[in-house]
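Take a look at the structure set out below.
Labels A, B, C and D are assigned to the chains in the order they are written; within every chain, residues are numbered from 1.
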Amino acid sequence: MTDFVTPREMAEMIPSGCKLGLAPDDYAAAPGLVRMLIDRGIRDLHVVCAPIGGMQVDMLIGAGAVATLETSAVSLGEAGGAPCFSRAVRDGSIRLRDATCPAVFAGLTAAEKGVPFMPIRGIIGSDVLEKRDDWKVTSNPFDDAEKIVVVSAIQPDIALFHAPEADRFGNVRLGRRRETMLLAHASKKAFVTVERISEVSLLDDEKMAAGVLPAIYVSAVAQLEKGGWPTGLYAEYPRDGQEIEKYARAARSPEGFQAYVRGLGSAA
Amino acid sequence: MTDFVTPREMAEMIPSGCKLGLAPDDYAAAPGLVRMLIDRGIRDLHVVCAPIGGMQVDMLIGAGAVATLETSAVSLGEAGGAPCFSRAVRDGSIRLRDATCPAVFAGLTAAEKGVPFMPIRGIIGSDVLEKRDDWKVTSNPFDDAEKIVVVSAIQPDIALFHAPEADRFGNVRLGRRRETMLLAHASKKAFVTVERISEVSLLDDEKMAAGVLPAIYVSAVAQLEKGGWPTGLYAEYPRDGQEIEKYARAARSPEGFQAYVRGLGSAA
Amino acid sequence: MSEACTSRELMIYTISRLLKGVRHVAVGQSSPMPAAGAMLLRALNQRDGLEHVQVSILGSVKHNSFTGGAEELFDCAAQGRLDAFFLGGGQIDGRGNVNLVGTGDYPNNPVRWPGSFGSAYLYFLVPRVILFREEHSLRSLVERVDFVSAPGVTDETVYRRGGPHALLTNAALFSFDREAGRFRLESTHPGYGWRDIRGTTGFSYDNEQCEVTTPLPDEATLSLIRGRIREELRECYPQFAGNMPGPG
Amino acid sequence: MSEACTSRELMIYTISRLLKGVRHVAVGQSSPMPAAGAMLLRALNQRDGLEHVQVSILGSVKHNSFTGGAEELFDCAAQGRLDAFFLGGGQIDGRGNVNLVGTGDYPNNPVRWPGSFGSAYLYFLVPRVILFREEHSLRSLVERVDFVSAPGVTDETVYRRGGPHALLTNAALFSFDREAGRFRLESTHPGYGWRDIRGTTGFSYDNEQCEVTTPLPDEATLSLIRGRIREELRECYPQFAGNMPGPG
C-alpha cells in the first residue's frame, strides 16, 4: 500500500547512505524534494542517475551529500557545466562511476527483470569500461568469435522523482517517460512527489493507463506543487532557464552555492 | 513511412516462409487477417507466439500453413484444447519449439535491445530447456557459482496484430498491452489491422501517447472492423465464446475444420 | 438454509485459506477457481479490516495491476513483488514436478496439452506456488511426469526462492516439504477418507493415514462466494460463473 | 539582400548536406546546431517532395518519435532504425576517438566535462555518426584524447556497424575513412585556407592541401533557416534561437 505523506515526511523517509535513483532534469527530476534532503543534512548517498544528472544532482554534490555518483553525465544543459560536480571531481570528494546511458538502462533492466546482468553491444575500447569493475567483457555464448560487454544489475534502494499526478490509490501518471517507469520497477521502493492528486483511479481510463506506474511499485506519494522547479516537468512546464543560470553563476564558488541554497531554504 | 492498404493487400504482403510474430487471442490477435492468409494459401510459416497462441494459430496449423511453431502454449481458453494443434503434434506435421512465456519475452527483448542473447532466471531442470538448442546454461559472469540460462534473440520478420486504432500518420494505439509493443519493436516489420483510423495524431495527447506504437515501427496499416473477432480485443470487445465453441467442435476433425474455414470464407 | 457447499466452493474457500498473509497474488489464464479463491481472500480481508490483498488476474481488464503488458507479471515476480501464484498440470508427481505439455514421448505426444506457459519460470521465483488440479486420479497424480514443464526441486547452483507450497485437488489437500522434496497429506475433503486418497494418488507422500477433514466455509463466507465473488468472476469466466450456485 | 550567411548558418546547412539520404536522424541533448541541420533537411525534403525525414530530438515534446522513454533511442539504434546521430567532444583525435569526460588523468580530471552520455554505444550502432565541434583548435582536435569516451575504430571481434562519418568544425569539414582509421579534409569554410586548418589541427589527416571551399546555402535555404527552422528550435533551444538572425 502506498503511504500519502508530506514532502518533509518524505525527506525524512530517505536515509543517509542509501542508493538513490534519480530521474533527469526536465523529465521527472524532483529538485523540490532534493532541497529538503539537503535541508535535513542527508549524507553518504550513492546516487544513480537514470541515466544523467542535472541541477538536483549538482546541488546534492555541493551540499556534501554524495559519496558515490553513478552517471553518464552531469550538466546544466544550456546553462553549461555543473559547477559543484566539476569541483568535486577535481578535489576527489566523490567516488565516480562513469557510465554510458544505455549501460545504465541495461543495469536497471537487469534489476527490473531480476537477472544479475545484461549484455550490451558497443562500449569495448572505451575507457569508461576500463574504469568499471562491475562491467565485464565476455563472449557471446552463441558465437565465441564475438566479444560482448555484460553489466551488472543496478537496484537502487529508493527511486525519487516528480510526476504530474497520482491518484488516491497510489498509481502515478508518468506519460511516455518510460525511463522513470524502468527506474521505479528496478528500485526496491519508489517515492514520488506530484503536482496533483486525483480522486479517480488513473487506471480506469484505458487510453491513459499505459503511462501509469501502478501503485504496487509506489511506496509513498507527497503532493508538492512545482516540485520540478526550477527544472522542467515533461509536457507540463518548461525549465526556468533564468533561475538555472542564476544557480550556475552562484555555484561557481562554494560560498556562492551555500548562499544560493540558504536563499532557497528561507524562501521555501 | 507507413503504407495504408486493404486487408487483402496486407495478406499478399506477408510471404510464405516468413517468421511471423503473433499476439495472444483476446489481446491483439488478428484472426480476421489470418483468415485471409489462409484463403490465399500461405505456407511454411515459422510462427512465433508472443507468448501464447489461440484460435488464430490453431487455424493456421489446421490450414497447413505452419512449418515451425514457437510458443509457450496453444489453447482455446474456456473452449478447451486447440484441436488442429494437438493433431499436428501427434502426426508430427509441425516442428515444435516449446517455450515458457518469459523466455519468449526475453528473446524478444534481446531483439528489441539488439543483443544476441538475454539471461533469464529459472527454467533449469525443465525439459523445455532440454529440447531447445537455442537456449544454453552458462555461469553468471559475476558469480561463477550460479548457473543461469541464456536464450537467443527472437526477431520475427513480420509482427501481425490487431489494434483499436491507428492515426493517418501510422501511429497505432495499443494501450497497456505492451507485449505487443515489445513484439513490434523486436520484429523487422509490423503489419497492423485496426478498427478505426484517426485523423488526429495519437501522439498529440500526452496522456495517451505512452500506449501508442510510433509509426517508425509500423510498415503497414489496414482498416478491418471486428478484425479481432471471434477472439476479443483488449478493452474494446470480449471474445465471442459461442463462435469459438463452434470452432472447437468443428475442428475436432480435419473435415470439420475445412468446412468451418470454407463457411467463414464465403461469409467474409 | 442455503444449498450445501459444493466441491468447487470448498476448493475456492481452501484456496483463500492457503493464500492467507499474501499481499499480492496473481492468477493465470483459464483459472476460474484460483481467481475465485484470491478474490475471496481479498473480500474477506476487506470485510474484516485486514491487510489489502492485490489480486492480478491475467486477461482481466478490471482486476489488473499492471500497465506494462504480460511481461510485467514475470518481471514483478522476479523483483519479489508477487507472493503467490497457481499452477495446474496434466500430471503432477511426488517431487512436485509439473507437466503441462502432454503424455508419452515429446515432441509427438499422443495426448498434447496447451504447453508450459510461464511455469518453468514462476515456479522458481514466486514464494508460494499452489498446485491446483481438480482431478484426483492415478492419471493426474503420477510417480514421475512424462515431461517436466517445471521442476519441483532444484540444486543450490540455481537461484530459487519459490516453489510448491501446497497441492489442492477435488479430494484432498497436501503441503510440500521443500527440503525433503515430498508432499504431506494435510486433510481430505468431506466424502473422502485417507484410503481413497492413497488409492488414487500415484506417488508416495507423508502422513498417509491422515484423519483431518478439510474445513468448510461458514455461512457468511459461502454467501460471499455466491454473491460478490460470482459477480467478480463474470468478466473473465462467464461460463464458470453462470454454473455456480447463487441468486438469479 | 539579406544579412550574409553566418558561420553557424553555414554549419547548419552543412549538417543538412551530410544527412542527405537518411530516413531517421536523432539529436541528443544540448545540440542546437545538429537539431537545426536535421530540421533543415526535413524541411528541404518536404519542400522538394523528397522522402520524409524522421527527426527525433531528445528533450523535445514535439519532435519526438518515441513513446518508450529515453532507452527507446538506444533500442531503436540497436534495431537498425536510426541512420544518423551526432557526437561532440571536448577532444577528438585523428583515430576518431571522442573524449566527453575531461582533460588530464581520470578520475580527478582538472577540467571535467559532463560525461560520455550515450557515445560509447551509439558510435557502434548508428551508421552515420557526425562529429560536431565548433571550436577548431589544437586544444579540441588532438593527437590522442586524454580519455576515450567512445573509440573511432574497433577490431573484428566486436559487433560494429556504425562509426564516424564526418567531422564538422567552425573552420572545415573532414570525412572519415573507416578502413584506414583516418580523417580526410574535404573543404574549408569561407575565410579559412588549408594552412589555417593544418595549423590548428592536432592530428594528421589526408588531403592536407585541400582547396575546396565549403558551399554556402542559397537564398531560399537561408530564409528557411531564419524562418521555419528558427521557430522549430525555440521549443528546446530558446536562447540559441533568440540569438539567430531572423525576422522579429
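General observations
We take it that a contact is a pair of C-beta atoms (placed from the backbone, for glycine too) under 8 Å apart; a residue touches a chain by one contact, two chains touch by 3 or more.
Here the structure is a predicted model, which means the values were calculated and not measured.
Fewest steps needed to get from chain C to chain D, stepping only to touching chains, is 2.
Looking at B-C and A-C, the interface holding more C-beta pairs in contact is that of B-C.
Distance between chain A and chain D, defined via averaged C-alpha coordinates, is recorded as 28 Å. One finds 40 Å separating the Cα centroids of chain B and chain D. In chain A, the residues that touch at least two other chains are 109, 113-115, 120-121, 146, 148, 176, 178, 181, 206, 209-211, 235. Within chain D, contacts with two or more other chains are made by residues 61, 66-68, 74, 78, 125.
Under the contact rule stated at the top, the pairs of chains that touch are A-B, A-C, A-D, B-C, B-D.
Partner chain D is touched in their complex by these residues of chain A: 24, 26-27, 51-52, 71-75, 77-78, 81-82, 85-86, 89-92, 96, 98-103, 105, 109, 120-129, 131, 145-148, 176-182, 234-235, 241. Put simply, chain B touches chain D in their complex at residues 1, 111-115, 181, 185, 203, 206, 209-217. Interface residues of chain A, counted against chain B in their complex, comprise 106, 109, 113-121, 134, 136, 138, 140-143, 146, 148, 150, 152, 173-176, 178, 205-211, 235. Considering their complex, residues 24, 51-52, 54, 61, 64-68, 74-81, 125 of chain D touch chain B. For chain D in complex with chain A, the residues that touch the partner chain are 29-30, 59, 61, 66-72, 74, 78, 100-102, 106-125, 147-151, 154, 157-160, 237-240.
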